[in-house]
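Below: one structure, written as structure tokens.
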Amino acid sequence: MPNAQCPIPNSPCPMPINHYFNMNTEQILRWLQRFATKIEQNKEYLTELDAAIGDADHGINMERGFKKLLIQLPTIANKDIGSILKAVSMTLIASIGGASGPLYGTFFLRASSAVADKDELDEQDMLDMLRAGLNGVIERGKTQLGDKTMLDVLFPAVTAFEQAVDERKVMRDAMGQALAAAEQAMKDTALMQAKKGRASYLGDRSIGHQDPGATSCYLMLKCLYESL
Amino acid sequence: MPNAQCPIPNSPCPMPINHYFNMNTEQILRWLQRFATKIEQNKEYLTELDAAIGDADHGINMERGFKKLLIQLPTIANKDIGSILKAVSMTLIASIGGASGPLYGTFFLRASSAVADKDELDEQDMLDMLRAGLNGVIERGKTQLGDKTMLDVLFPAVTAFEQAVDERKVMRDAMGQALAAAEQAMKDTALMQAKKGRASYLGDRSIGHQDPGATSCYLMLKCLYESL
Amino acid sequence: MKKLINNPEDFVRESLEGMAAAHADLIKINFEPTYLCRVDAPRQGKVAIISGGGSGHEPMHAGFVGMGMLDAACPGEVFTSPTPDQMLAAAKAVDGGAGILYIVKNYSGDVMNFEMATELAYAEGIRVLNILIDDDVAVKDSLYTQGRRGVGTTILAEKICGAAAERGYDLQRVADLCRKVNLNGRSMGIALSSCTVPMRMLPTFELGANEMEVGIGIHGEPGRKRMDLKPANEIASMLALSILEDGVYKRTVREWDADKGKWFDLELVNQSLKKGDRILAFVNGMGGTPISELYIIYRKLADICANRGIQIVRNLIGSYITSLEMQGCSITLLKLDDEMIELWDAPVKTPSWCWGA
Amino acid sequence: MKKLINNPEDFVRESLEGMAAAHADLIKINFEPTYLCRVDAPRQGKVAIISGGGSGHEPMHAGFVGMGMLDAACPGEVFTSPTPDQMLAAAKAVDGGAGILYIVKNYSGDVMNFEMATELAYAEGIRVLNILIDDDVAVKDSLYTQGRRGVGTTILAEKICGAAAERGYDLQRVADLCRKVNLNGRSMGIALSSCTVPMRMLPTFELGANEMEVGIGIHGEPGRKRMDLKPANEIASMLALSILEDGVYKRTVREWDADKGKWFDLELVNQSLKKGDRILAFVNGMGGTPISELYIIYRKLADICANRGIQIVRNLIGSYITSLEMQGCSITLLKLDDEMIELWDAPVKTPSWCWGA
């Protein structure tokens, strides 16, 4: 029942209002599908960003993984959300390579554990899922905020989402706030000096360029928002 | 007595008229000096010609040899012509390399034998010298006329000189005729398809380009003429 | 940039197929997942050594698989770390019961993928140790950063550890030796031209006609600075002095506890090279530089070392760790002891190096 | 074009000095005149093998001086034949009393200079034979022309004859073997880019962004034709078929009669390769092409040979006969017999090749 209205008109809704804005399996699949397509469309853009401060392959790496994922999606469509995300993780780990492979792979692996067996995610589930993924990225990448990586988008986005959920915003609105934070954070990576990943070897020459992994991470969140 | 006049005015000259136009040691040295300088000045031009149909080193090769020769010239100035040319030959053989090294080396080696012990060359001596050098080039290079090599300048030049001597032209005039023939022959090498040397590998792509070795050979003859 | 390739997507696979076809007496290849291993793997009772990394650095690593060196290599896409499933499959294919050493270059991608593979291997009961190579002095500090990259010392460690494994060193000893090699090796490189990744077909960076990029890695990532092109002697001096005058280098690395199945932090310290040290001097070409130019660099390097009382007792000159068709070179100086010299000289038989065998 | 050089005039000397410094255990160098020879020369009673040619083709020839291969190499200036005084001095330095074989690539410069050297050696009482390598099928006819150039087969002949000399073959037998190798070898190459001679610092020829030069020699001289750039598989096919479909090739060469001290003409005939033949397949890089691309060419070449029933029993892949930093490749196919295989496999220890030793 995506985006359904409260079933009882003109009455205080007995169930938490955001229940009707849960994210179901179909939407999760839509998210993944959309993200994969977005990566394809932005393959060159992401690669150009990586050319400026890395080794010019971020778009190519991501597209390799998400092309595989597009083929795989129909075969896992009838699973629960946890299983879907686990399968996604395995595919990405085994096909992206580079730094982004284990990072996106770990993100989805941890996310999947947080929502094991579920067919629908409410705001809290979503938060658990995103936070688990975020922690996975931090542990795998040994990154800190300000290192100029995808973490610099993921962290503020998850924080903004959490705050919105605390404020009892519905899923779509909360994700909207997360996305706004992500977009700003993505742009802000241009101001940072890279401390992790290939860009870190540039020293202060990395300043002035937006981080490719931060950018793909923003695209992931944008697609998530658009799939709600 | 370079370019001296007939000693007995208004009388039939008892000696062959061209006696007073002989080439002496000093002129031989002047020739070599001039040729060496000319090569230096045309180093790039000769190399460009070689770039078009060969391996872009003819000017460099020649200059390497003639630079050595310039240093050597003062040390051999008081020898006879045969000995001077022999020394020149040894220097060129040991420093030019490539195809032009043995060819110019052999030219001077054979030329030197033809004028051994002489301090002055009359027209017949000059013809003997040039013909010996020419035969050396033919034998060393196994070349035929029309192969698009230095032979295509040397041969018509020597032939023209011989004819002029037969017609009892004085040295300078005979050499002028030889030079005119050489100049035309040099230009005509552009029409030929190379059969010897690196240019031969080009097949008909060598047509349209003047041969570098033919060009340096023309310069040699031009300097010879100018030294008389 | 023109290349002898077919479809860019097929570059890595076709190149590996050609390599496997050419050296079927030494190596065999597996696809899905991709790895190459010794034709006689697994060798029972011998520690197996596995390395891997992005492609585009050939002959490293696949060219060094064989007797006395690597048991397996895992090639990724061009300049992209291979994936954990490749590393795990390679480990299973070459495990002779004495355990596996992963030799890992310190790039975030390589480190993370090998870490995942190490965890996966542990879960499957395969004993793995994991040693990082981080020898690139172009990267100055390590605090809060990725630290130094793994470059030239990598293949020297592969050779020396490969010989040790062949002689029956146990896993811990091979790993300790590998760490020792890393602690004694330092490298620095420059590029005269960018390379071009086949899938992109644009130079990774643009260099002016009179510029060079100093302190490059091996992936076409730009270096620390850009300078006017210098004569070979000045380039050799600059690279050599960066290494010779590199001070004590401290950093914390993560290693794997194969008993407890967890990671632990280890502080490592490099000491500076000093008068009287015996070294292996390695002048490496980046792929598009002819060996004649490398010898000009070596000539000056030998001079500098002699002047400083540093003895070159072994050398290596050639294009062994490359960045596709990049022009440029790197210098690696590895301080040697008797054990390392003996193991360096020991027989090796791989597609790219073969001596004493 | 950027290069790791100092003054262009010093390129050859400095590169050779670097090489001699790096491999002082194997080779020693002489200047004025310039030659490199085995550190243990002269070897009493052993036929000595000398080759030489312009520089810029490294590692050929200097990289192949050592046990089991060349006794001496005479490097000329870049792409310029060395001079007779170098060849004579080298002959004197390595003559062990069993005579000298000059292996000469068929270029007018090399031929003429080696002929002069042969005559000079004779005059000094040194027994010399003189064998031409002319294996480049890009040159079609030989009538009234210079005939085919000497390219890839040269170093195969050097290896095989070097092993034969090491085993005690006498001078005539080594020369006959060298002629046999030449009669069984064929090559063809292409360039993706021009090279740049250091003294000139301009590309020797200009190629469009989508062009390649087909049928090149090894001196940056333009090839037989220019074509649109093709994928690697088509390039490999084109080169392989030029060789495989090359017909009977007849020509007259000049050899030296060491007894009579004069030249004589000899008619030589190459036979076409045919089904069932065993070959050595050599994919050579021109200097600026990475080995990964050479393996892509080899992959297709192996396929083509297999389809035609031609057995590749040995192979060689690398940049061994180069044109400075030129990008491109050549293929050489050498028909082998048992004797040649055995000699190919025999130990060799030189700066660039080392196996079985």
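Chains: A, B, C and D, in written order; residue numbering restarts at 1 for each.
In this text, contacts are C-beta pairs under 8 Å (C-beta built on N, C-alpha and C of every residue); 3 or more make two chains touch, one makes a residue touch a chain.
For clarity, every value in this text was computed on a predicted model and none was experimentally measured.
Q: Which contact partners do subunit C and subunit D have in common?
A: Both subunit C and subunit D are touched by no common chain, going by the contact rule given at the top.
Q: Just tell me the minimum hop count from subunit B to subunit D, counting one hop per pair of touching chains.
A: 1
Q: Calculate how many whole Å lie between the centre of subunit A and the centre of subunit C, each centre taken as the average of the chain's C-alpha atoms.
A: Computed value for the inter-centroid distance: 34 Å.
Q: Taking each chain's centre as its mean C-alpha position, how far apart are subunit A and subunit D in Å?
A: 59
Q: Could you state the distance in Å from the CA-based centre of subunit A to that of subunit B?
A: Inter-chain centre distance comes to 81 Å.
Q: Assign the assembly's chain-to-chain touch graph to one of these shapes: line, ring, star, complete, other.
A: Shape of the chain contacts: a line, open at both ends.
Q: According to the definition of touch, which chains form touching pairs?
A: After working through each pair, the chains in contact turn out to be A-C, B-D, C-D.
Q: Considering only the defined contacts, which subunit A positions touch subunit C in the complex?
A: 47, 51, 53-57, 60-61, 64, 93-103, 105-106, 140-142, 144, 147, 195-203, 205
Q: Where on subunit D is subunit C touching in the complex?
A: 2-7, 11, 14-19, 21-22, 55-56, 58-59, 63, 192-193, 209, 212, 229, 231-233, 235, 287-300, 302, 315, 317, 319, 322, 324-325, 327-329, 354-357
Q: For a test of understanding, state which residues of subunit D touch subunit B in their complex under the given definition.
A: Spelled out, the residues of subunit D in touch with subunit B are 33, 54, 76-85, 107-109, 112-113, 115-116, 138-139, 144-146, 149, 197, 199-200, 202, 204-205, 215, 217, 219-225, 254.
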